[in-house]
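You will see two complexes here that share subunit A, one where it goes with subunit B and one where it goes with subunit C.
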Partner chain A sequence: MKKYFSSMSFCVGFVLVSFMLFVLVVSLFWLPYDTTAMDMSHKLSGPFGGHLLGTDQFGRDILSRLMKGVQVSFLIGLLVVAFGSIMGILIGSFAGYFGGKVDEVIMKLIDTQMAFPGVLLAMMLIAVFGNGLFNTVLALAIMSVPRFARITRSGYMKYREADFVKAERIRGAGSLRIMFVHILPNIKSEIVATASLAFAGAVMSEAGLSYLGMGVQPPDPSLGIMLSEAQDYILRAGWYVLIPCAAITILVMGFNLVGDGIQEINERR
Partner chain B sequence: MPERLITLENVTKIYGGRKRTVKAVDHVTFDIYRGETLGLVGESGCGKSTTGNMLVHLLNADSGTIRFDGQEITAMSEREFKKLRSDIQMIFQDPYASLNPQKKIGWLLEEPLLIHHKEMSKEDRSRKVDEILRVVGLDESYRDRYPRQLSGGQRQRVCIALALIVNPAFVVADEPVSALDVSVQAQILNLMKKLQRDYHLTYLFISHDLGVVSYMADRIAVMYLGNIVEMGTEEQISRHARHPYTQALFSASADEEGRERIILDGDVPSPSNPPSGCPFHTRCFRCREKCLDQKPELCEMEPGWKIACHYPHEWEEGEDSPQRKAVEV
Partner chain C sequence: MGYYCRKIGGLLVTLLLVSLITFGVFQILPGNPAYIILGVDADPLQIEALEKSLGLDLPLYQRYWNWVVGLFQGDLGTSLRYQQPVSQLIADGLKVTGSLALVSIILTVAIGLPAGIWLAGHSEKKYAVGLSMISQLSLSIPAFCMGIFLINIFSVQLKWLPSMSYVSWSEDPLGSIRSLILPAFSMSLGSAAVLIRYVKVSVTNQKKQDYVRTAYSKGLTSRRVMYGHVVRNSLIPVITILGMTVADILGGSIITENIFSLPGIGRLISVSINSRDLPLIQGLVLYLAVIVVICNFVVDIVYSVVDPRIRLK
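Take a look at the complex of A and B:
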């Protein structure tokens, strides 16, 4: 962990992610206002009044909605990374370790999926399965499988002919033991870097889907919904647009920088 | 006659696909007797490691038979071979690459016991690990260390411990000391010799270092381009070699007075396009017409001394060969 702080991008990313994590933790215990409580007498009031970040077109507190939106983003990011990484690691492990026909078939399928525009795929899945948090997570998780599968596969290809793997075979270790007990721990830092990038991607895609009205449904807040609602008032209340934008930027950039930093250090080794 | 532990008969291994094939091991036949050390020498790429890998079932032979203790292992599936896994172990060349960097030494040593002796209790395993660490000259404090915290010699000791913890009968040592400092080499070799006596081990000792092989081996087999060209006791091979390749090889390590150094012309031919006739004829200083198109068989010249050459008796004291280049050392 310590060695990663020698990378500038990791440090910056770490600060940004820590800030958002702080917001998340606070939001779990305390929100300034109810996120759906409307106050029609204070519509679109500016920041630093009674409401720290102002209110939206229904007089709802933007800070509270933002904090709730960050919660949603983290929840979706975590679930997407969890599902996507488990599926991707399993697929990539078998493809990379066994190679040959297994690898060819699996990777052709993965390539086919990668050729699909991600958001389009997610929209298709949502069109089939319907709206909602779970379906959004499912769609985004399926989208993130290829990147996990690829990085895992390349790690396995690097290690499957390593001397210590041969030595394990001679000691009688079975394929599953070699794959998951011996090789997988050796590529964990690559997987963590990918997970960080995938997290950023998931946050971004969720915001995109919610913006298009296909992710989280109103009146529940989400960064994407706030953005789409705010755009109508861009001339009258510019700060309203900027606030969800800034949150998305900090979150996505933070995780991207962390991922890049880890990759950078991994390559330096 | 000592008991045969390993028998190879006409073992061939071909690498590559349809277009370009490489005969890494070409109809190799030899025996390894119980309790001995057979040294396998040759230049890099001559097929000695491939032979070792076939013996531990990492590679399957394309033809021929390999028998271990009377059982044919060539055609065994991994599942069938599993019960023999603990009998045949291997020590690798590079002690830096052959230990999983993510695992502690104690964990690594316990794993083979978990695999092969499921009935063992945790305490028994732990005791056995401590015991084997002491056997290879380390102590219990190494259990909690990672491989990166150990020196090359210590790592190789751990590798030896890993091979021995399952009580094998036969150990393939694939250049076990060539990655180590000279000062450490001797310690490891002496440890291997001591363990051989204590545990009645049989070794196949693969190396390109003739000094090391002469020190370790009871018998030596010399490989060239996938073929065994000469095989005999250590004394016969290192002092009275008859095959021109063996002579050249051992003259290159000439540390004694009075032995002329034979310099071979050219490089080893590509194994994907081996020469016709005798594989060595392109570089042989005794090459004649017959060598160009007839491949010599490995024939027993004296009991236990085999040689694959058409003219094994040519070389006598004082014989003058025109193509032979002698250099004073």
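Take a look at the complex of A and C:
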């Protein structure tokens, strides 16, 4: 852990992620106001009044909604990374370890999936299964599988003929044991870096989908929904747009920097 | 020759898989599509008529075959919402998205290439750290945030550029470019950040090569070495990134066109998904995926022409 702090990217990312984690932990125990309570007499009031970050078009407290939105983002990010990494690591390790025909078929499928650009694949799945939190997670997780599969595959290709693997094979260890007990721990840090980048990607895509009305459904607050609601009031209440934007940016940038920092240190080794 | 045959074979397999996935995903739709379109309490006769017109009474393989045959004849079905042929809608949208993508790619290269080359020549720590922070920031601000702020600054406050209005190229070329600058800029910022990094790494690696030392010892100026030798060789890997940028920009256009109300493919996608216009979604998804696959194919071919060593690997 300590060695990673020699990377500037990692340090800055660590600070940003810690800040958002702090917001998350506080929000789990305490919110300044109810996130859906409306107060029509205080619509679009500015920051630093009775409400620290002001109120929205229905007089709802922006800080509370933001904190709840951060919860949603973390939840989606974590679930997407969990599902995506499990599927990706399984697929990637079989492709990388066995090589040959297995690898060819798997990589062809992965390449085909990469043909659906950006959030298109997620939107297609949402069009079929309908929107909502679980379907958004599923769609984004499937979208992140190629990332994990590729990085795992290249790690396995590097180690499958390594001396320690040959030694295990001679000792009679089975393929599955070699794959998951001996090789997988060696590519741990590459996977963690990918997970961090995938987390940032998931937060960004979720915000985009919610912005288009295809992710989390109102009245649940999500950073993307807040932004799409806020943009109509940009002239009267610029801060209202700025706040969800800043939250998304800090979250995405934090995880991107942490991921980049880990990659940087891995390459330096 | 063998290399090209393999590549073309790969292309055909990928296209087949893409068409199977696009077709298959919309077949596992829970419930009967006819009910989804007409509502649960629709007249059974209407349902039957719609099923017939959608070809839902045929077996699955027959439907796939009809669909593929239709594709080759340029027939992607009829949009339920617009009551127009899907191919016509795509062709109209493509004019907008195509010009948006073109302007974005030009901007990406115009920002990314010089900045990357400049940074490779200035490897001091303060520049490196500054660059990585700026490029991280531009990668992390979502395109829709960027879009909202650009509209607010340049259209609303300064009134320099129009927003929310698309002017077609044939009507007014200058106006068309003006209406595309803001959306294109908001999309190209992220891809320029990626390009800068790749150009920088690529140029830095090339500068360590022996031929650079030879060029210097021949007495060439550092300018000649840089632009006559290093930059030309460093651009080879950059071609790959440009290919990937096309996919990113097409994916990004879905959200960007919605912010700027541009009547392109991206806007059609979100409209078709929200109104569950299945033939239109299917056509659009397939179309975008095919463009991406063909772009990647072209990149591979260009790559092998520029760097023939690749064919031997």
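The definition used in the following text is that the second predicted complex is superposed on the first by the 269 of 269 C-alpha atoms of A that agree within 3 Å, B and C clash if a C-alpha of one lies under 4 Å from a C-alpha of the other, contacts with A are read in each partner's own complex, and residues count from 1 in each chain.
Just so we're on the same page, a residue touches a chain if its C-beta (ideal position, glycine included) is under 8 Å from a C-beta of that chain, and two chains touch if they have at least 3 such contacts.
Predicted, not measured: the structure shown is a model, and the values here were computed from it.
For the composite obtained by superposing both complexes on subunit A, the positions of subunit B and subunit C are free of clash and fit together. When the two complexes are overlaid on their common chain A, residue A:125 makes contact with subunit C while staying clear of subunit B. Of the two partner chains placed by the overlay, neither subunit B nor subunit C lies in contact with A:15. Which of subunit B and subunit C touches more residues of subunit A: that partner is C. After overlaying the two complexes on the shared chain, residue contacts for A:105 are found with neither subunit B nor subunit C. Once the two complexes are laid over each other on the shared chain, residue contacts for A:26 go to neither subunit B nor subunit C. Once chain A of one complex is fitted onto chain A of the other, the partner contacts of A:86 are absent, as it touches neither subunit B nor subunit C.
When the two complexes are laid over each other on chain A, the CA centres of subunit B and subunit C sit 90 degrees apart as seen from the CA centre of subunit A, to the nearest 10. Taking every C-alpha of subunit B against every C-alpha of subunit C after the fit on chain A, the minimum distance is 13 Å. Residue ranges of subunit A in contact with subunit B, taken from their complex: 162-164, 166-173, 177, 182, 185-186. Against subunit A, the residues of subunit C that register as touching in their complex are 10, 13-14, 17-18, 21-22, 25-26, 28-30, 129, 132-133, 136-137, 139-145, 148-149, 152, 156, 247-248, 250-252, 254-255, 258-259, 269-270, 273-274, 276, 281, 285, 288-290, 292-293, 296. The residues of subunit B lying in touch with subunit A in their complex are 56-58, 82, 85-86, 88-90, 92-94, 97-103, 111-112, 115-116, 159, 162, 166.
Remark: subunit A residues 8-9, 12, 108-109, 111-120, 123-129, 200, 204, 207-208, 211-214, 227, 231, 234-235, 238, 241, 245, 248-249, 252-253, 256-257, 260 touch subunit C in the complex.
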